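You will see two complexes here that share chain A, one where it goes with chain B and one where it goes with chain C.
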Partner chain A sequence: MAGGARGVLPEPARARLRLAAEALGPLALIAIVALVGAQLSTADKTDAINVLVITAIVVGLYVFIGNSGVISFGQISFVAIGAFAAAIWTTPVGTRDATMPDLFGFLASPRLTNLESLLVAAGLGAVMSLVVGLALMRLSGLSAGIATFAVLEITYNVLANWEKIGPGPTVIANVPATTGIPQAAIGCAIAIAAAFGYQRTRSCRLLRASRADALAARGIGVSIFRHRLIAFVLSGAICGFAGALYVHELGSVSVTELYLALTFSTLSMLVVGGSQSLWGATMGGTLLGVLYSFLSNAVSGTTVFGLSFTLPNGLNTIIFAVLFVGALMLAPRGLTRNREFLAVALGERAPHPRGPVAIALAGGDGESPGDVETGSSGGEAASRSVKFTPGQPSP
Partner chain B sequence: MIHRSWLKMGVVMTGVFGLALGMVDVSGAAPASHAANGKPIIIGAVIDETSTMKPFDQPALEAAEIWAKKVNSKGGVLGRPIEFKVYNTESQATLAKSGAEKAIAAGAQILWVTCDATFAAPAVEVGLSHHLLTISPCTSTNLMGPEKFGPAGKLAFTFGNEPSTTGAVIARLLIQKGWKTATVVTDHLLTYFVDVCGNFTADFEKLGGKIVSQLSYTTGDHTVSQVASKAASSGAAATVLCTTTTATLPTFVTSVRTLGNTKPIVGPWAIDGGFWEPSTPKISTNLWVATYASVFGDDPNPTVRSLFHQMKAEGETPLTGGFVLGPSALEGIITAIEREKGSLTGEKLATAVVHFRDVATLSGPVTFSDEYHAVVSRRERIVEITHDKGRYVESLSPGKYGLVLHT
Partner chain C sequence: MSSESETVQVLACHAVTVAYAGLRAVSSVSFAVRRGEVVGLIGPNGAGKTTLVNAMSGFAQISEGSITLNGAEVSHLAPEHRAHRGLARTFQHGRLFKDLSARENIELGALAVGCSGREARRRAAALLEETGLLSLAGVPANELSHGDQQRVSVARAVVAGPAFLLLDEPAAGLPAESLAELGTVIEQARSGRDAGVVVIDHNVEFVMGLSDRVVVLDHGQVLVEGAPDYVRHHEEVLAAYFGSVATEGLSR
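Right after this comes the complex of A and B.
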């Protein structure tokens, strides 16, 4: 099929087709979840909304983790900040006075609309991630993982204990539950669009080049710090935005919900889907979200094809965990093998594990089988856009 | 083209589901038989059967289900049987919300939620948005009501004690026992702990006691050993500990005892039950709990004892004294339905409940007001654990410093 398309269409047209498909694939998946969800009962609709919101968080994670190759356990901090900001500023002032009497004045009085709260949540996520990123974006590997985990711990403990910025260990209730299927779907689509737009930028291509080979990227003058920071801030904004969607879905929020369980479940979804492609993030979020909802419902009893059955308590988590391990063993690069939508649909090769910079350094010509990064997540473009400039400083 | 890894994945998934299928309870929809033959009153129980809140939620529900069977065998509520439909939240907000939606979709006319307002909040919001009476059997704060949920919260109640009651009971216990100095240790994990220890502190000082030191930690912050070390060496006659049965509790008790402090450790219902205690007799000693009932088979109320033994015989031995709050909440619901002549409208039932004044229940008389949607001034059971064995000591009221509603 790929060969056929290559023969019929000129290169620019094929590039545009691929571009459109890479964007439309994830958006179509979201549309399908939304359309199916809209047909479900009110009760089941809740699950569909949750799948969409969780997918938005996973896309937020992908923007930084997937593009940079740096693991971060701290992105849920920005979800929490967005969620708390949206919750506090949309809860009726009377409820705030009664349940959070110690709030700072700027938190206690203004009341935002739904849209304003979403935008403010995204903005706060971006600002907080900028502050954190300025300190941490020079780290890689295990150091980055531990440092971002520390950010999560700090955020959790500040939110759980500082009653001038929230309810402490208790819950913020009475939050307008405005996230239905339309808001969840549009919100998730915005997250995908932002992630897609970003991955077409030169900055993202350079970041991916550094993911493939940091040393080589530095050698050709790529400022890894700057490009990681940009990805981190965009990821923080998407996560903050998704946090607002989340709190407007539930109508309440407490800090315990936005901590380790959500961190590891969303990371699992990203890894199982394929952490280095937007399609993988979207697939992981939706597929595992649907699977998790199904298994959780089965614990309370469910019916499939007329057969009623009930899973024993805890078996849902065991099945989920076994499938997760199985997925990692059989598809360590994720179900999509880190390919974008069109590449998966056309059955194209997965990208070279070390990407185009490594190939170039190894003397590959980019044409030999295995050198070509078809349908990859932008590495091919990265190699085109990276220009070697003698004397350009490395970070 | 189907890739080989997808085929492998299919094999794995088939295997996992095949294995699971062997463990699942597959059945058609079998209707229960009822002595009462009217249309069932459906209570949607959205509780934790797996995780953090399980030791509190499950015994309360199981006791309530046993109670409901008795009520049904005697003709039900105005001829209508009570039926519970249970949804497991796993103490997760998203499952709490979807469980509540599913319960209501399955016909629930009253919502029954988990024993902590924070974990229950998403389900409570759903119940309130559908204008249902929303009951927590054992949340022990005043958060189930308008204070937390705004005007719609007038439909939400808990049959647990307001923290001022528990704080005052513990203060009275210490003074009565001659333990005039106390170190207070507060786990900031839940508001309930903060409120109980805060109320204890105020009441203890009013009664002439002296607080030697105030210590705190938050479950998960890994400081419990250091806090225990300070508590052990504080020199106070007793340690009042407000936390729950997470891993930090046995760590705290073990650390204090290992450091040679054998003085009383006193806590609220949240540390009730023998299931969490370290198995070494030298460590599990001189522990005191203010709770709702004794789970050591010696409660002074014969009906409570009988219920306890029945649950034990059915393999559902309650872990904490909170199990009596399940039947108490059910009795409250039944009283409200009867007072409203069979109406299940949330507004009407809530109006009936808010006017409860010393309504007799298995856990003692229950009073609510517009301001307090949790129970105040109910006597609590004092249980002492010595060498791994618990014994009922006495029932203690909060006394003059406990909150009193003027009716």
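Right after this comes the complex of A and C.
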């Protein structure tokens, strides 16, 4: 807290004030993007909507990756599942019959409203992440990263090839484009509120303890599996929800739009912003979301200060992949140095300035005995100063 | 371990062996600790003390034998499940959560075993006061002195209200003035909370001063077990620590 407030306010009031400020910072940033976006031309407004939706996805990633410290390449699977569910169930039945004739009956006939589709997408994201998480959350480090990548691959290939659940490699068209600035801003605010509420919970505090020191956490009784699973499911729900926002923004979707490019772009945003703080996720999502929209437009041709140019196809993805690796190597704590809004605003010191990197690509969760000092390993120094005086009474 | 001893609350090792790649770090060790009792576990470097504590807390897999808690076998349980059954431990070098304050570290110890946030805050506040750490409550763990980190580490284990407490080198590197404070914290855990305590430390005088009973390990086996004064004068113990030549010199 600021020096002035420290002297005036009692500790509980300062804590509440700090809490409110930490929640309001990210929400205020979203409000600013929404307000500025509302003033823009129709074309630029689309970019603002895109920034808000992308930020919601990044916040979804943060809930698991940021709080657990375990990298996951699979969260975009839940975005894809949410997007496909929302798209299929809101597309006119006639369009479905014409473009996806092989759909299962439960996908072919019902038609949901916009709000229903958002809720169903969130629910499906949660259910799918629960199923995946039950199998994967016992893994950590590099194995977890590889396994989550496999989830992304499986999801992509199933959606791209199984025409009973979608259009296969083609596009789902005629999706109601209901995500304007208000829906995108409210949706993103809901994602932020969920992430903020979660990080106040006992489960999240214990998960963060396991992120800091898995061995010590297990030693005091933290079930890393359980708390990682909770975060994974909430992350899946937010990603599914954001996927529905996304498809209702685009008006059409194909599975290739929900694959590697989006995975690396959103991971880059999280890492560049600061993967271990909600403020970092929001900052990364909005700032790099602008770059993402610009580059996406530039691939199909754009004009800046009267200069028209077109970027080679795929360059936008390469730029974000380079940003991801560069941030991991050079600034693993990101722009915010993993601090929340108020700490950044007050210039407070970053946590563990010489500590470990933001997310773990390798390392364990204290499963192996080798993680604990065993046998003689811990006592070399102490053994040189053994204090044993034979024959003298104990103090 | 007799069946009678298992009816009172006892943490017991029954012929426990821990082997890594063919090397027996602990070999057929049996001993027990009752609630309200402090047992010191000493031995020269490499004797297997930490390995035994790792086995008791679930961080090292045992190859043979069993570990029981109040008569129920816990050998197969993961460390976190043993913690929920009342077995807490500390680690060498404290292993505090460095970004968190002393208070938050202690609160986590209570939260981890299922206490509500309010109860965790209440327990942490009481323990901070009891251990003389109140003035350091808001200090991040990585800014605490080594001695204070060790005390917070013990407090983080004690706050869970464990029936048994395994302390792995709590006095390592502490100056003499901090030893008394640490000893008080451990004594409070024993007498105030009726916890059974197993303490390993290279500072043998510190361990002797705290313990009701001392178990001496050497080469992974129990060498001697008994009251501190008995162990202190035991020739095999002297030989294990100082070698036979030195022992001959001492015994003259």
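We take it that the second predicted complex is superposed on the first by the 312 of 395 C-alpha atoms of A that agree within 3 Å, B and C clash if a C-alpha of one lies under 4 Å from a C-alpha of the other, contacts with A are read in each partner's own complex, and residues count from 1 in each chain.
Operating definition for what follows: a residue touches a chain if its C-beta (ideal position, glycine included) is under 8 Å from a C-beta of that chain, and two chains touch if they have at least 3 such contacts.
Everything quoted here is computed from the prediction, not taken from an experiment.
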item: First (chain B), second (chain C), both or neither touched by A:Asn114; value: neither
item: First, second, both or neither for A:Ser223, with chain B first and chain C second; value: second
item: Chain A residues touched - chain C or chain B, whichever exceeds; value: B
item: Chain B versus chain C as contact partner of A:Arg205, first or second or both or neither; value: second
item: Touched partner set for A:Ser140, first chain B, second chain C, both or neither; value: neither
item: Partner chain(s) touched by A:Thr46 [first = chain B, second = chain C, both, neither]; value: first
item: Which superposed partner A:Leu215 touches (first chain B, second chain C, both, neither); value: second
item: Chain C-contacting residues of chain A that also contact chain B; value: none
item: Residues of chain A touching chain B in the complex; value: 41-47, 50, 92, 94-95, 98-99, 157, 160-161, 168-171, 173-174, 177, 249-254, 256-257, 261, 293, 296-300, 307-315, 317, 319, 322-323, 326-327, 330-331, 335, 347
item: Parts of chain C lying in touch with chain A, wherever the complex brings them together; value: 20, 25, 44-51, 54, 57, 59-61, 78-81, 83-84, 88-93, 95-100, 108-109, 111-113, 116-117, 142, 156-157, 160, 168-169, 172-173, 201-206, 208-209, 228-229, 232-233, 238, 241, 250
item: Contact set on chain B toward chain A in their complex; value: 1, 3, 5-6, 8-9, 12-13, 16-17, 20-21, 23-29, 49-50, 86-88, 90, 92-95, 97-99, 101-102, 104-106, 117-119, 121-122, 124-126, 129, 143, 147-150, 152-153, 188-191, 194, 218, 221
item: Chain A residues touching chain C - in the complex, by the definition given at the top; value: 202, 205-206, 209, 212-213, 215-224, 351-352, 355, 366, 369, 371-383, 385-391, 393-395
